[in-house]
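For reference, chains read A, B and C in written order, and residue numbers begin at 1 within each chain.
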């Protein structure tokens, strides 16, 4: 059995380049299943529990599709309200996990609190896949973003990758930057000063010898980029400053992109909608810049890889 | 592959008699699977997404049962609240559909807005089956109603079919009348004057040479009918006039039915409950008039047919 | 086909010792499937409907896991809000059941009203398994508790079993006491005077010759016990007296347990959390006293047995 068998996927912080490449290679193979609109029997008879204490369209349905394409079945809840897991008499996360551990062979957890996935993993026998915990980590998102760059550009080295937007509070960005820290691409970190990665992240980049720079204006740097990955302003993270930050928050138009390289690709973790409308203009959708819907497809492939690897049926 | 392969089912307006008959024949075969309480493997490995922006017991569970009886699996959400699809930062319907299109091989959508299914189909590669859009169309409902008449009466020609209630705002009635417009039965349209079909519908009936009449009192016409199909007053459609309309809204009692033909059958799309109680009295349930629960079973068969035909595995 | 084929499981009141033993034996075999983290094909092609008019983590997910481990599939709703089953225009329970009966081969119902499962069974062709109705019965819970004692102690006779807490309003306790009334163990019923079993229950125990005593203080009786089964105060049942009752409600600490027999086991139906915290202290979790998480695993096995027996595929 492979090195991921029985393991949790809580964070991308400790993944090595070699491990990430194994996940990416496995995902590429899984993508062939999706493209043939069929399914495998690798996880036939296995049960995935999707425990979403925060509601989600994308991550939950993507994991469910992944499990079904692997031949397995799914149970769970889509919001804390539809379980015993909310209210003043709500049971502890640990008790919920210990219970669900009896029902399922693998658990995907999304939770509003940082560290929740770690707490779950500490009591579960089944592998726990972190589907997002607070503003901390969202490893399957970071890995699918990494996959998208790799698939679309053919490499993860030698590129200039712009990470644009709320780097401070977006868990997917945290997961992505740790993935990319294992490769030899240059990172351009573009955000309002209040929304930069915290020093710990930058320390990791330095210690690993990753070239990076910070900027506040995407227009000033777009020319340099091979990849422009943009994310929405995190409302919870921004708190009272949300309204003010939103006004100057980066927005991507076709005019902006035309100032960049011809083969620039644009990614987004979606949704791209906020109170001001679409963060990436609709006019971009039909252009070759846009890769954010492919990203969703690759997401299923990456999650198939993660489920199969942690169950020990591949790898 | 058949003519429905890869097609959307958004409306019954453009279905021909021949196409409807193909769906009905396929549904009759599928019914045999349901009656044997077993399932097929026709859609093994395929994934259905049920996206219900309005909650539903009947339509959602019926489609899910249909998909499972075909060997496929299901993911989705049961209400807008359990997804990213509500609130001021909700993503556009188009973005949700483009995303789910990566997760599923076929999509059933219910949405409060007229035209939503059309918008979904415009961006999805997977076939979109309209599970009800605003007050517009609910084609699987219209087809299952059509199937019920055909199965119970053995024909769709030469009958006198009463369509009773809120014809203006009931999407199922819209879908049904367009189905029936392809056959040679006489339609008796019974509703308060405010709740009649709009002129466009009546124009279609005229242009296709369908004999029809309008009435306001079901008691005055019950004698003529072979089929009495009644539906509930649509609260959203009625708006401020709801309370007033409800008072005179048609209600079906056993006494009323006894004034009709001995082999009269009563159908309803359910639920039949409103603030005044049951629209069809409970005393009707155990009589041979009542076919509304069989209708639910036929609904699964019709939806199996629609799923299998649009996936191109039959037809 | 066995004696349970096509039968409803609404209550444990009329189960005989022989019937209970058949369920326990079947559950023991099913447990082997769970422990091997695989599944059977006994119910391949069959559909379970889980209709939860009250939300639940444990019972719903446990039944869903059971159905999936038997090879079947699941549809349903997790709360009344996500169906047509709530609000002033909600359809009757009977109509909902008659409808779902067309979609599924077996139905699990949880409902806030006592007698709801009986009403459902009266109109459904499919077997109805009561997943909890009001304060009345929760038979799969009572059976899994019975299973836990039997599995952990190797017998259901000759033991001294403490049933502690809200015996009046806890449906699982009602189901358990009727199971245990068929065996030869002594019952120690520990609760505040207001929360005792009603006389009808005690009359059953007397008529079946079951030795039992009542107590108010768990500390005074812990020495006698082989099994200590404790449950939470039922908030709905307690009504206005909830706050007052909670203050003196039994709470289980390690100190308390150390006063009992060395091989005493502690069970709980979970959740064990209320406004005062954990009803069983966390310090108990890692000790051999604690069996409440195993109980959850046995629950899946018991529900697999119930589903397979009532479908007539075993027994």
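The working rule: contacts are C-beta pairs under 8 Å (C-beta built on N, C-alpha and C of every residue); 3 or more make two chains touch, one makes a residue touch a chain.
Not measured: the values here are computed from a predicted model.
Undergrad: So subunit B and subunit C: same face meeting same face, with over half the numbers shared, or different?
TA: different
Undergrad: Fit subunit A to subunit C on CA atoms, both being copies of the same sequence, and give the resulting rotation angle in degrees, nearest 5.
TA: It works out to 120 degrees.
Undergrad: Could you put a whole-Å number on the gap between the CA centroids of subunit B and subunit C?
TA: 39
Undergrad: Tell me, which residues of subunit C touch at least two other chains?
TA: Answer for subunit C, listing residues that touch two or more other chains: 73, 78, 82.
Undergrad: Which subunit B residues qualify as touching subunit C in the complex?
TA: 34, 37-39, 55-58, 61-62, 64-65, 68-69, 71, 73-74, 78-79, 82, 235, 270-275, 278, 293, 296-297, 299-300
Undergrad: Sort out for me which residues of subunit B touch subunit A in the complex.
TA: 44-47, 49, 73, 75-78, 81-85, 88-92, 95-96, 98-105
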